[in-house]
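Everything on this sheet refers to the single structure shown next.
Note that the chains are named A, B, C, D, E and F in the order they appear, and that numbering of residues resets to 1 at the start of each chain.
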Amino acid sequence: MKLIERLLQPRHEAYAHCDLFCGVYDPAQAKIEAMSCLKIAEKYQASDDEAFRSRCIGIKEERAELAKHHLMVLWADFFKPHHLEQFPGLHDLFWRALKAAGDAKKSMDPAASQALLDVIDEVAGGFWQTEESKATGVYPPA
Amino acid sequence: MKLIERLLQPRHEAYAHCDLFCGVYDPAQAKIEAMSCLKIAEKYQASDDEAFRSRCIGIKEERAELAKHHLMVLWADFFKPHHLEQFPGLHDLFWRALKAAGDAKKSMDPAASQALLDVIDEVAGGFWQTEESKATGVYPPA
Amino acid sequence: MKLIERLLQPRHEAYAHCDLFCGVYDPAQAKIEAMSCLKIAEKYQASDDEAFRSRCIGIKEERAELAKHHLMVLWADFFKPHHLEQFPGLHDLFWRALKAAGDAKKSMDPAASQALLDVIDEVAGGFWQTEESKATGVYPPA
Amino acid sequence: MKLIERLLQPRHEAYAHCDLFCGVYDPAQAKIEAMSCLKIAEKYQASDDEAFRSRCIGIKEERAELAKHHLMVLWADFFKPHHLEQFPGLHDLFWRALKAAGDAKKSMDPAASQALLDVIDEVAGGFWQTEESKATGVYPPA
Amino acid sequence: MKLIERLLQPRHEAYAHCDLFCGVYDPAQAKIEAMSCLKIAEKYQASDDEAFRSRCIGIKEERAELAKHHLMVLWADFFKPHHLEQFPGLHDLFWRALKAAGDAKKSMDPAASQALLDVIDEVAGGFWQTEESKATGVYPPA
Amino acid sequence: MKLIERLLQPRHEAYAHCDLFCGVYDPAQAKIEAMSCLKIAEKYQASDDEAFRSRCIGIKEERAELAKHHLMVLWADFFKPHHLEQFPGLHDLFWRALKAAGDAKKSMDPAASQALLDVIDEVAGGFWQTEESKATGVYPPA
């Protein structure tokens, strides 16, 4: 798994040159919500209790909405025009990510949540390649 | 920095024995909000623009409230009675953490936000020592 | 019922010495939400209408979350270190209260909501014994 | 003060005949928020700290909005057409209450928050005269 | 394109005399939410998928609540005492509108949502007759 | 009344082939929030009252965030892959719109809010050219 692998790689040396306007960015926020979606979908499939299943549907709805929100923040606030040269497919990547979050919201199939996780890993992969990510995030690239 | 050191340590071998009722827990959520508080307090101190400073105050208010919320979730939902033997000071730790979040909300002094970050690192340190944390979180102990 | 009995007792004479930093505290906020949980759970059990039952589950989810939030505010903001001498079991009481709110959220059994109400009454009992509670709340101890 | 006087009056004998569709109603919710507005306005006037004053403005904004919300719930959900005979001025009372909440939101003058408290007491006075209020609320008429 | 064309057409003679305190008002906000309620209720009736139906119930709940909120804003903030002469039935109209929003929230019958739409059209009809509406809203009367 | 008249006019030939999954879309939602931002920025510039100006900053923050949210919903939920052929610049348009919403949030200059309104009109122009928009929205193209 790439994310874990990255954590084991040698860390970049510096947090210097923080030029963020305001706020802290970290794809972990979207990923945590997507992981919740996946676990909820799995528990839904494993249960036949009416109230439990109904709660799963409602809570996953919120979690997927939060994943969407965190993804939008990354796209709209963190990434800047000069990143488009580095990532020509940036817009398409985020569109797919938001569509995947919508699918994870609609579907109780764990595969939909897994697909969201996969595309968030793609987003995170790009994020940590930026120069600016060194100055942000809880867990900078190891 | 302890959190980073931990990321570089050898990883636990297994994710087995997931017994969580529902949801995913990760102290990164509280930490990201606390890092926002710190950066906002620093930018507030460095600016003399009325509107910018007013926005700093309002946004830090929200971020500190989110940190409080994420801490409460960890204390009330993740930690279970059997953890009290492992962490006799658990309740006091979380009370200090919530008080620190309240202070970070009230004060524009970056030191208040830094104190919140420090106590969240204490919380995270305990969290990753639990058996259950292996089955959750985006960035399990490296 | 203790809460009602207290309302009939002779009132304390004074509202003096308000030393609150900001805000007003009252365990009634948590209690009103817990009473909603109880009524919703009872109505859920008495109904066999799919849509009504699904709404009960979703609305109770919100109400129990609000109860949790109000309890956290009391614990983190109202109670101060010097209260620990007066109430050595304060932390444990609030932990039980938050766990009870979690149970009331998960279960459609009215007994879970009743248990939440009972522990909130314990909280309220302590709250109204504090010196500071005289300066706050809509319905100070009668 | 009428509300307190009422608490000292002999209590109605019964909680019977609960015919509420769902939920629990209590004017205490609006009143607690209005009391917060009043205290915040007073503290604002007594302070000359920029950040504290800015926080006062923002927090009062939220509290007054919550008071508005709770008032709307009482008007739209609790009161039923048959109450119009009992309270011919019901609509005008709530319109004045919502306008007062708007004024308490806009103004840092404690008098605006006090005016909101006064009209909420009028609302509460009517509420507790209804037959239905006996089956709801945390603190039924004493 | 018609929408743009209309925006470019000569405007009604005046946006003058704008006496709004702050904000922009438009009954379209309530109407859009009510239209969502209607479509959701229709889709609910046409589906027999458990998860889809449960999502419909939860999402309609939110949409109807938003319609209620937007209606309250119009009544409490936009309409002023002098409008009561122009619309003697103003209060009753809004009470019916809020009750209809409550019914649209409770019922999965599309007729309940349609009834909400109808009363919002009544509200919009009155709104656009006011002098003040010329200075607000996205789509002033064509 | 024109609004009602327009609603009663013969409709475009078809609402047929509605393939929306759930919900109703209308760029009016984003536009109303952007208009609020503009008016608030203007009032801010015209006032020298500390509390009023602070409220302007806080309320515009919320309104711009809502504009962002509504724009994201249009991009992520309404627009489908087949629209990319019709609007090759779709992604760039929405990125500019979200960036403009961010600028309108940060700046008290009315020009920033006007720029947001302009790009939302671009979005609306595209929206109403789609086949699917005929089946949605409160005010379909007249």
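Everything below uses one rule, namely that a residue touches a chain if its C-beta (ideal position, glycine included) is under 8 Å from a C-beta of that chain, and two chains touch if they have at least 3 such contacts.
Source: prediction; values computed, not measured.
Visitor: When every step has to jump to a touching chain, what is the lowest number of steps that links subunit C to subunit D?
Guide: The distance in steps between these two chains is 1.
Visitor: Quickly list, by label, the chains bordering both subunit D and subunit F.
Guide: B, E
Visitor: Which chain lies the greatest distance away from subunit D when centres are computed from Cα atoms alone?
Guide: Computed centres place A farthest from subunit D.
Visitor: Between copies subunit E and subunit F, what's the superposition rotation on C-alpha atoms, in steps of 5 degrees?
Guide: Best-fit rotation on C-alpha atoms: 180 degrees.
Visitor: Let me check something: if the centre of a chain is the mean of its CA atoms, which chain is farthest from subunit C?
Guide: F
Visitor: With chain centres taken as the means of their Cα atoms, state the distance from subunit B to subunit F in Å.
Guide: About 36 Å, centre to centre.
Visitor: Averaging over Cα atoms per chain, report the distance between subunit A and subunit B in Å.
Guide: Each chain reduced to its C-alpha mean, subunit A and subunit B end up 19 Å apart.
Visitor: Roughly how far is subunit C from subunit F, centre to centre by C-alpha average, rounded to an integer in Å?
Guide: Those two chain centres are 42 Å apart.
Visitor: Counting only residues that touch at least 2 other chains, which ones in subunit E make the list?
Guide: Correct list: 54-55, 58-59, 106.
Visitor: Can you give me every chain pair that touches, using the contact definition above?
Guide: A-B, A-C, A-E, A-F, B-C, B-D, B-F, C-D, C-E, D-E, D-F, E-F
Visitor: Which part of subunit D faces subunit F closely enough to touch in the complex?
Guide: Contacts found on subunit D: 44, 53-54, 57-58, 61, 106-108.
Visitor: So in the complex, the part of subunit C that touches subunit E is made up of which residues?
Guide: 50-51, 54-55, 58-59
Visitor: In the complex formed with subunit A, which residues of subunit F make contact?
Guide: So the residues of subunit F in touch with subunit A come to 21, 68-69, 72, 75-77, 91-92, 95, 98-99, 101-102, 106.
Visitor: Over in the complex, which subunit E residues touch subunit F? Could you list them?
Guide: Where subunit E meets subunit F, its residues are 1-4, 6-7, 20, 22-24, 26, 28-29, 31-32, 35-36, 39-40, 43, 55-56, 59, 121, 124-125, 128-129, 137-139, 141-142.
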